[in-house]
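Same chain, two partners: chain A is paired with chain B first, then with chain C.
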Partner chain A sequence: MKDFKILIMVLSPFLFGFIALFLGAYGINAKDVIKILLNETLHVFHIEDTPQKAIVLDIRLPRIILAGLVGAALSGSGVTLQGIFRNPLIDPFILGISAGAAFGCAICVGFLNFIPIQLMAFIFSLLAVIISYNIAKGQGEVSRLPLILSGVIVSAFFTALVSIIKFLVDPHRLQAIVFWLMGSFSLSDWDSVKIAGVGIGLSLIPIFFMRWRLNVLSLGYEEAKALGINVKLERLLFIGFSTLAVSVATSLTGIIGWVGLMVPHLVRMIIGPDHRILVPLSFFAGASFMIAADTISRTLTSFDIPVGIITSISGAPFFIYLLKRGGKEVWGR
Partner chain B sequence: MGKIVLRVKELYFRHRNNGSDILKGISFFVSSESITTILGPNGSGKTTIFKCLAGIWKYSKGCIEVHDRPIERLDPREKSRLFSLVPQEHEPAFPYTVFEVVLMGRAPFIGLFSSPKKRDIETANEALRFLSIEHLRDALYTNISGGERQLTLIARAIAQEAPIMLLDEPTSHLDLKNQIAVLKKIRKIAKERKITVLMTLHDPNLSNLFSDKVVVIDSGRKIAEGRPFDILNEELIKKVYDLDVRMLSLNGKRFLAPILDS
Partner chain C sequence: MVFGVKHSLLILLVILSIVKASFALTYTLTDKLGRSVSVEIPVKRAVVVITYELIPALRVWDQVVGVSMWAEKSCDLYRAIVSENPSLRKPLVGAGSNLNIEAILKLAPDIVITWSYNPENVRFLEKREIKTIAIYPDSLTELYQVIRMHGRLFGKPNRAQELIREMEGIFDLIEKRVSGIPDKMKRKAIHIGGKPNRVSCGIGVTDDIINLIGGINPAGKIKKRYADVPIEMIVKWNPDVIFIWGSAGYDTSWIYKNSQWRFIDAVKNRKVFKLPRWSTWSPRLAPISLYMAKRLYPERFKDIEFESLTNRFYKKLFGISYHKVKEYERF
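== the complex of A and B ==
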């Protein structure tokens, strides 16, 4: 039964991604989509360069792959941060990582075009999480509620800085910043897939190999130390890799909240808290969640609704549900 | 009793922001393959000694030596191969199974980029068998009783395969039956696995029944050190716990019974 659930979760992003290829504002019949795909992979038919071919291969396909990568990055970084801070109520969005990345990107878009946007995003998101962490840190231990509160503070601070930039920047660029902040995959192309593939790969692969450590780190500072672990160093490694994943994702698609909170929670409910399985499955489930959310956002109306709005609409009630269910599982002792 | 494995010399401790010493020059030693208990009333400094031994708190003066090596020179990994630590039972952040908790005892042997291998899994299973709690293997740690949790944490320490085991008040949250059950397992560990056990207790009778050596402390000072038979008596209890007791003998064992007024 457990193996079956694992198999379903691993296959789901590929299945969702395949289905999503057939859906979209421009009606292309299924036979044509399959023909285009077969032509591209096996070269069995020869197809002229038609608009249909361009839509499937250069618009839908990169967008779906990017959504999958970004979903895996957000969810993977959520499960990692929840583990090291032993706090099921946090994600990159709550800790201010997304806001920090947004500020870094806004500077680049607004003023400093010559600096790579991912670099600025990474620097400021790392700064944000380190500030949140240090505000909440007591005697080596990070308590739950203070961490959430310090995340709120840091988030608000960086969001205010972004507002200053929005205020100062010329209106032309303002529009770009505002749209991008809402979180959307509408600008996806193969270049962004390449950047995402490298950046997110470089951060999720080490997290995958270190995943068992999250079990031990989630016992807390004193016990993990007694089990021979260099807690401070390993926490920093995990924070660094998960921040890299989120900052690359944010720089490409803007702020997409709540995925890192919801998906690891759902996977934990289904499969249990052992990070050996939880971490990889969070990657896969995050990818399928994001592909599904993005497909909804681009097919629900004739507009391309920013996907960040969809995830926030589903995320807020989920958070309230967790708080209301409350008790031991959420707050521990 | 064998040779001395652990030696605490003139240990002083004070909190960073707080002026007064909590430990005021504690010295004692622990011999191999024996059970030593640190006995004292609440607030006497037992837990402080424990945290200093575990390396969680830094003592301000004095030294702790393992096999004649000062422990501050050991890095966390070296230390975790010498000491296993059994904390008081508690609720973890996530509902792990008992087996997953025990497996974490293998952490000192598993590299940063690696996961437990077959041998680690076997060692964890063997630890569960040794304590006769295999039936709890797949139970959730959050759903079992206090006594079972304590045994799970002890199994984790066994899986760690360190020669010295430190236990912080292993009986404090348990009912009488579980107190005895847990202490009997600890005695079995010391005897059959040749592990040196050092634990803190606050009940003189349990300390008397289950230890080879007692170190009695009060207000951060050592009051007595020796075999329970030699040192646990009416005067000592009066002095340390400010309580009148009468010593009773039963089947060759001695018990301290409080005398109640009127």
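== the complex of A and C ==
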């Protein structure tokens, strides 16, 4: 039964992605979509360069792949950080990534239009994490509580800077910042997929290969050390890879909340707390969830609902359910 | 005798002031937030948060005591005029989205004319007994109403009517040239905003203008002011012309280079245009419309010289040349 659940979770992003290829505002019939796909993969049919082909291959496909990658990044980072901080309420934005990225975006939209938003969001999200880490380091050993506190401080600081920019810019630019903060895949293209593929790949692959160490780290500092783990180094590596994944994702799509918090919990409820299996399944489940959420966001109405709204709407009730069910049972301790 | 004349004059002055006071008008209006506001007109100390382009147009500099910082930061027209004549520069009362209440209170205004974007600001001012009018023109008709309302508030109803006549002059010119276009031959145009997939929809001045210039706004079916739509929706609409909002952080080259847009007629035929950074809540809406009409139906406006017509319009309405204002367009 457990193997069947695992199989379903592994296959789900591919299944959701395939279904999502058929859905969209243009209304391409299923036969044509299949023809376009067969032409592209097996060269069975010859199809001219038509708007339909461009929509399936240049608009829908990169958007679905990007949604999958970003979902995997957020969920993978969430499960990693929850493991090393031994705290189920940690999400990937805890170290100030979202506030830093928002500041980068706000600067760009408000004043530096000539610099790509993604680049500035990435730079400032990384900067926020570096500052958080160094503040915590100033307290001596980088342990959980100072790091979380410094993340809160840095987030508050960058959020204040964003507020100043929002105050200064004109209404249309203000709108652009607000919409970016809500997160969206509406401008996904193959360039974004390439950036996400490299950035998220470089961060999630090491996490995948190091995942068993999370089981040891989640035992606590003393016990992990007694088992021969270099706790400081391992934590730093996990934080670094998680940050890279989330920074890349956030810089491309804006801030999408709840995925990194909710999906790992969901997977943990289904297959238990063993990180060897929990980590890769969180990648797949995050990808599935995000593809589904984005498909809803672009097909529910004639306009594109920011995907962050869909994830938040589904996230809040889920957490109420989780609270009712009881944290201990979910966390597996 | 002299004493008697002095007394007579004094009595006359008192009578005149009583008569004037008894004739002081109260103007009651319902604003965009549905609030009923009564104001003694003409107002003498107004704070103008968003419609600052109407200050030079109505020639009411001496009745305005403050403007939002957007006037100085985002409005080429205001900047050009106050740079030429620094004595006209007004104190700033915060951003249009977030007013500095203390700065407003310090100015002791008769009225604050703002927009309905931040109703909390309006309620806050109201609690402090500062009369506040919230506007948000969602159509050309509403824009005319807003101009007329400013005219009445400042005691310049005839000037307001004159502004509207000048605007209508340009609109009539456009309508005459596009009125004969059969529905089937009308070109589709969309207006995109801060993001390339943010389109101006069926509510707002922009939708009215696209219709007025003889175009069809495919996004007009969405009954919102703006909406982010999937790119494939724009491909489906296949507009003949795309107008980019003047303050957008991207330009025509971004659209031309992006392969996702390559099947759209406007892109294939190089009909993507970035608009000037002018307010559409101003008489300048008229020259913007002409600018758009010339690009939607160039063959029908070949003989119209946009620059000279706009220059005449600027001089007549704002008392400054178009070329002088243009120097302040980039900031």
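Worth pointing out:
Please note the rule applied: the second predicted complex is superposed on the first by the 253 of 333 C-alpha atoms of A that agree within 3 Å, B and C clash if a C-alpha of one lies under 4 Å from a C-alpha of the other, contacts with A are read in each partner's own complex, and residues count from 1 in each chain.
Everything that follows uses one rule, which is that a contact is a pair of C-beta atoms (placed from the backbone, for glycine too) under 8 Å apart; a residue touches a chain by one contact, two chains touch by 3 or more.
As the structure is a prediction and not an experimental result, all values here were calculated from the model.
By the touch criterion defined above, A:167 lies against chain C but remains apart from chain B after alignment on the C-alpha atoms of chain A. In the superposition on chain A, contact is made by A:226 with chain B only, not with chain C. Of the two partner chains placed around the shared chain by superposition, chain B is the only one that A:273 touches, whereas chain C remains out of contact.
Shared-chain residue A:211: touches chain B; no touch with chain C. Once the two complexes are laid over each other on the shared chain, residue contacts for A:184 go to chain C alone; chain B is not touched.
After overlaying the two complexes on the shared chain, residue contacts for A:26 are found with chain C alone; chain B is out of touch.
When both complexes are overlaid on chain A, the residue A:88 reaches chain B alone and has no touch with chain C.
Against chain C, the residues of chain A that register as touching in their complex are 24-27, 50-51, 54-55, 58-60, 108-109, 113, 166-176, 179, 184, 186-187, 189, 298, 302-304, 306. Of all residues in chain B, only 54-56, 75-81, 83-85, 87, 90-97, 100, 103-105, 107-108, 110, 112-116, 142, 160 touch chain A in the complex they form. Within the complex, the chain C residues that touch chain A are 69-70, 73-74, 94-98, 117, 193-198, 221-222, 224, 226-233, 235-236, 238, 245, 247, 249-250, 258-260, 262-263. Note for the complex: chain A touches chain B at residues 86-88, 206, 209-213, 215-216, 218-220, 222-230, 234, 237, 268, 272-274, 276, 328-329, 332-333.
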